[in-house]
Amino acid sequence: MDRQSVLPFSRKGVGAVAVTPIATLVLAGSASAQDGASQISAGDTAWVLASAALVMLMTPGLGLFYAGMVRRKNALATILQSFIMVGVIGIQWVVYGYSLAFAPGNAFIGGLSWLGLRGVGQEAGPYSDTIPHLAFMIYQAMFAIITPALITGAFAERMRFKAFLIFMLLWATIVYDPVAHWVWGKGGWLGAMGALDFAGGTVVHICSGVAALCCALMLGRRHGYGRDEMMPHGIWMTVVGAALLWFGWFGFNAGSALGANGLAANAFVVTNTAAASAALSWMFFEWLHRGKPTALGAASGAVAGLVAITPAAGFVGPMAAIAIGAIVGVLCYLAIMAKSRLGYDDSLDVFGVHGVGGTWGAIATGLFASTAINSAGANGIFFGNAALLGKQVVAILAVFAYSFVVTAILLKITGLISPLRVTKDDEETGLDLSQHGEVAYNL
Amino acid sequence: MDRQSVLPFSRKGVGAVAVTPIATLVLAGSASAQDGASQISAGDTAWVLASAALVMLMTPGLGLFYAGMVRRKNALATILQSFIMVGVIGIQWVVYGYSLAFAPGNAFIGGLSWLGLRGVGQEAGPYSDTIPHLAFMIYQAMFAIITPALITGAFAERMRFKAFLIFMLLWATIVYDPVAHWVWGKGGWLGAMGALDFAGGTVVHICSGVAALCCALMLGRRHGYGRDEMMPHGIWMTVVGAALLWFGWFGFNAGSALGANGLAANAFVVTNTAAASAALSWMFFEWLHRGKPTALGAASGAVAGLVAITPAAGFVGPMAAIAIGAIVGVLCYLAIMAKSRLGYDDSLDVFGVHGVGGTWGAIATGLFASTAINSAGANGIFFGNAALLGKQVVAILAVFAYSFVVTAILLKITGLISPLRVTKDDEETGLDLSQHGEVAYNL
Amino acid sequence: MDRQSVLPFSRKGVGAVAVTPIATLVLAGSASAQDGASQISAGDTAWVLASAALVMLMTPGLGLFYAGMVRRKNALATILQSFIMVGVIGIQWVVYGYSLAFAPGNAFIGGLSWLGLRGVGQEAGPYSDTIPHLAFMIYQAMFAIITPALITGAFAERMRFKAFLIFMLLWATIVYDPVAHWVWGKGGWLGAMGALDFAGGTVVHICSGVAALCCALMLGRRHGYGRDEMMPHGIWMTVVGAALLWFGWFGFNAGSALGANGLAANAFVVTNTAAASAALSWMFFEWLHRGKPTALGAASGAVAGLVAITPAAGFVGPMAAIAIGAIVGVLCYLAIMAKSRLGYDDSLDVFGVHGVGGTWGAIATGLFASTAINSAGANGIFFGNAALLGKQVVAILAVFAYSFVVTAILLKITGLISPLRVTKDDEETGLDLSQHGEVAYNL
Amino acid sequence: MMKIEAIIRPSKLDDVKAALDEIGVAGMTVMHVMGCGKQRGRTQYYRGQEYTVNLLDKVKIEVVVPKDDAAPIVEAISKAASTGEIGDGKIFLSEVSGAVRIRTGEQGATALR
Amino acid sequence: MMKIEAIIRPSKLDDVKAALDEIGVAGMTVMHVMGCGKQRGRTQYYRGQEYTVNLLDKVKIEVVVPKDDAAPIVEAISKAASTGEIGDGKIFLSEVSGAVRIRTGEQGATALR
Amino acid sequence: MMKIEAIIRPSKLDDVKAALDEIGVAGMTVMHVMGCGKQRGRTQYYRGQEYTVNLLDKVKIEVVVPKDDAAPIVEAISKAASTGEIGDGKIFLSEVSGAVRIRTGEQGATALR
């Protein structure tokens, strides 16, 4: 039968499937209910699939954002560190990551019942009634992919590729998957406590930002840091990367409504508004401080705004988004100024943007959230409920502590298998040639 | 409550919101009806949100399109002039721009009742029954953003960043917002008269193209214009920008159906067809004229085709789109040839492409429109109705006059606050270094 | 009436259309039924339109993917060869290509009844009940566009632009359109036989891959091949191109469900999974073989994985996708190694990736397909049905033979009209300057 | 024969080429270089860090000419490249002991014609 | 010691390098330059505007060698770089009065080995 | 006057500039070049093909100075650019017979100050 006769595909009873041994394996992830598909909403599914595609694009977009800020000799390696995450975590997630994060488990981690996507099928799953369980799974996959990719900015221009791969696989498994469960998994303790994180302020940004700080401290500075001029090799590329991130972030935040509805529209609006606000606030603040408004500042500010609105996107309105964005632009700028005083080399300011921005976003959710935006959310302090802020702080502290400590341990373990850094000579040559035997440009 | 328990979010009565003073502020834009959400179509909403994201991407895409055509020393500044519009108008629009353009008002301008998005909520608004009002608002925001960004091509490589920001904010407020109201706002006089503009031929393209001409005339030529070779520094980038514009334009035109339906499909089809046709016609015409088919010509032609089909997309069929595209490719090419005779320096040919192309599109709508495509539209001359063309001409003339005159005034006013142009020395150094203290490339 | 009063556009009876002569022409593609629109699903339409946009983006994405691999002097010409396909086939398709491929006809080719899109309107068509016929048409257009664009990698850096245009128009008409009919058209013999090709493994990838091989053989090697170092001028660009292809491929495969449903979600998931798996397998295999993991390898692997999963995407589950991807990464790498032994110059390995990858995908569909994934599909060998594999092999052989032979004939014919290759001098100068009078970079 | 090396502002390249054309110098070789000297660099800012880059974009022109032609050429370049502002650049002269035109094998001053 | 500067077509770089290799010249320095001379530039078109760019991509090779080795090297380059068409380029010779190998501090001709 | 041409590792440019600064050399011209010599290139891989690129990124510094200043400057560059590993580069010295400061028309050694 060709594709056409397939469509609109009528779901007759499937009948007896001839179960060869390999069939059992390859059917994992598909077998279960064929019925019950009726409550799936095509509109919601369309939006969540489109959102998953948008979030997927963010990871190579991040690669460009970062690559523009490194020196030419590391440009390709930097893009690759993001790009390859789509590969590594793309597999990790369907094999066991999704199960660890979202399958029924306890307060701290999911279970193994969805290993290899067993039971995760085309019908709706427990996390949404209106979209296929597979759609929810792949949408979440894109979050699991970008989170470790974010960390790569911290150790840019110096980490050995082999160690990088090992570390990232460990980190995704032992840091990301549990933390995602805490906040979003059924029964996860932070979610149960009532901490709000609409699209990943704690799970994605604080978690990766803190891990980045830990990496920067443990790997040490780049050779020549503070002496050589380490100027971005292509800021135009960073601006394009920021634009792709912004574009994809509509999927990240508005897709987190898991449907095409008013809440999604609200998340979309506040996402754009906070990014706009932070792009301006960073740019103007730098203009005041240094006398020039920079494109890198505008792009960095936009990303900071997107980070900050992430946990709040489904709970706050557009005027709150302006405030959240305006504040985060200045906050992150100051954090980065402080870094150069403190002397550690978080090369592309992952902690300064994602750690600080994510933390402010989580706090801001405790301030600005309103049940008028989302009746299933909670009110923040400005709406008379101080309790939420407390929960947000607990969530922040828990993720800070867990991510920092476990990242440190995982780096130590990785270091036993492979040196974390490339040799000094390789670092001087650049990662592109030394790690990958390639160059980004042959002009 | 965590995100999961939120979804599918049940809209219970919101209950008493504890209204602290700040709450009143930050809730603007969210408060109103929670009921009535039932008529929202998830499919339509999914399409309009996706379209809004697509249109958002057009602005940085435009930045690339333009940046490829300037000299290396101005590449970053050129991208930034587009990118920062997402910030500036992104805020302007939610604070007051949307209200000026779309809130209930008179024939010439909207009102102030939706200031700060008061009353613009998750339920459907007056402009569509099937999507959240916020979705319509943010979709329109993206049009308000790209329109001023289009103008930047006219004064590329020479405008002072400060003056640029001031001028753009004024222009968006005093030119774009009213004109959008005339055509699309409830009660706007051009709309009421029956002029057809499906997705912004007059509002976006004529309006910005004419303003661009005015800017080019008033700012004067670049130093060395006509003597130095001012060759595009990266045409590959211009082609990529054109591709992103083409991609985003599906949202621009097909999204203007405000739903995922047959009309959207028609708009999508004619958009692609006109772009294809104009890319070919420009390229072949240049091939005839100069002996070489160029990539820049194909890319420019595609954009010209997209411009021309914009007002017509919801009213004409695919064969008309071929004609509209084929003609606009030649028209714009000739207009640009004429420019070099006339001697003004519309650096990246904004008037030649958007002014001329938009005008042709508006006229073509008066020729090719058919109620067989859109029963709520009107017939054009080829379907026996000459009246429509008259209305189109009135709309064109009105927007030409208004945009030109007011742009001139606003430039004068801006000039009182800050010199419009950078110094000759700064122009020679390039805007990247002189205005922003950065360079696009450190290769 | 303005746009607003148009929306939600009520479809009243259209009434008497004043039929001037030109009206008959321009209305083709629009006239027919205004009723029956009721069964259109907004959700499905939203997804298919979004998918069409995504697939459109793949063609310029492919342009970047290819351009990064050529030398600087051919970069722009290479992008243009993809970009202009959106123009050429964009017109060919609406004028007659769609009719040839999909209009009612016989087992080998469609008819002429839909010339100029006559009868292809806003209501549902014969290929889907839930989306406008125009949406199906334009979605298919994007496949017709990218297929010839894929071939351009085979003769990169040496084909004359004029001959290229002629050849492509012939090829699309005489190779692509019939083959698409065989597999997907109503009554097409391969589809009727029961060969499965969800999203174009045979139609798009084998067909173009085999044509590419034929082109490489008939045009001969680039001057200096084997002697000069022909190193990729910008691998970063190739990685970005691969990322855009990956992003767009979600539309390619998941859109082929022609609706936003569980099957689309399944296709989306296996697409991502196979790409991830193949990116890793190619990279690790090269690492083993040469001692370095390369970014070009990861990007090439991702594309190979996307190719291989294309025919299978609606019939196999995620664990099968891992296997399909893992195998294709190694297979294509080996095929490319073999090429350098065989000595023909398929410059950018179109046959090695699309021919070999598409063939493996078609076979893999015969192995891993399961009616538990798609009850309207069929079971593969691992599910106890050997018959499917036989049909797949017939489809592969038929497309191999037809595409190879007819491509050869068409190249001969083209050669009668214009020399296929540029002169040696022009080749040395580069196509950008010699064919187009432009350069990609003026840095 | 003399080799004239002139380091000039990129924005003056067109003028210098025109001037050389006028006095009949048809052949030259041009390259992008970076110069540092008295001219102060523009400060650049990256996330609030200041970098004063004192390597500025310059263009270097090399012309090899018969000894006697050197003086007027230096003059012409000097005039065309001058703005009077710091950073106009330098011209250096040195002896060239041989020249070959690859195409024809011509040697010495004839190779330059 | 002599410095040999050869300005050649980019497409001839591989050939020239191979020729130098053959006669035992291992060290050289290569740079992208733009040349203008008798060879006519390709016309470029930007939105219908014509620009005849007469600065063409060339490659410059610099080799410093002991005086006596210069002649055969010039010969070799000349042969390898020649196509017989206008634009093949030039070779210039000039005296070098000193050479140092940074790594070892060796001076003069020994620094070149 | 002497022209000092130093071909060094790109990573040593900052050090060399600092060293020159210290001994009061303010003006210089710098360019990207590619060098080949004893230093082995890094192998590159493109779809499994091996390419050993023996043209490596180098930086060339040109300084024209009064004859007597040359020796200490060579010394300084040499010290700052050295790593002791193959590939540190070379310094060449040659005579310059004239210099002009375009801005002022100053000639000879005064043009260098």
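A, B, C, D, E and F are the chain letters, set down in written order, and residue numbers restart from 1 in every chain.
We take it that a residue touches a chain if its C-beta (ideal position, glycine included) is under 8 Å from a C-beta of that chain, and two chains touch if they have at least 3 such contacts.
Note that the coordinates shown come from a computational prediction; the quantities given were computed from them, not determined experimentally.
Under the contact definition stated at the top, the chains bordering both chain C and chain F are A, E.
To find the repeat of C-F among C-E, A-D or B-D, check which pair has over half of the same contact pairs by residue number; it is A-D. Counting C-beta pairs in contact across A-D and across C-E shows that the higher total falls to A-D.
Averaging Cα coordinates per chain places chain D and chain F 18 Å apart. Here the spacing of chain A and chain F, counted between their Cα centres, is 46 Å.
As a whole-number value, the distance joining the C-alpha centres of chain B and chain E reads 52 Å.
Residue positions of chain F with contacts to 2 or more other chains are 31, 44-46, 94-95. Among all residues of chain B, those that touch two or more other chains are 41-44, 46-47, 50, 229, 231-232, 260, 290, 292, 294, 296, 436-439, 441, 443. Viewed as a contact network, the protein chains fit none of the simple shapes, being neither a path, a ring, a star nor fully connected. Chain pairs recorded as touching, per the definition above, are A-B, A-C, A-D, A-F, B-C, B-D, B-E, C-E, C-F, D-E, D-F, E-F. Across the interface of their complex, chain C is touched by residues 1-15, 17-20, 22-23, 25-31, 34, 37, 40-47, 49-50, 52-53, 56-57, 60, 63-64, 67, 75-77, 79-80, 83-84, 86-88, 90-91, 94-95, 116-117, 121-123, 131-132, 134-135, 137-138, 141, 161, 260, 435-443 of chain A. Partner chain F is touched in their complex by these residues of chain E: 3, 17, 26-31, 64, 94-103, 105, 111-112.
Within the complex formed with chain A, the chain D residues making contact are 44-51, 53.
Listed in rising order, the residues of chain F touching chain E in the complex are 2, 6-8, 31-38, 55, 58, 60, 74, 77-78, 81-95.
Across the complex, chain A meets chain D through its residues 69, 229, 231-232, 286, 289-290, 292, 294, 296-297, 300, 333, 336-337, 340, 349.
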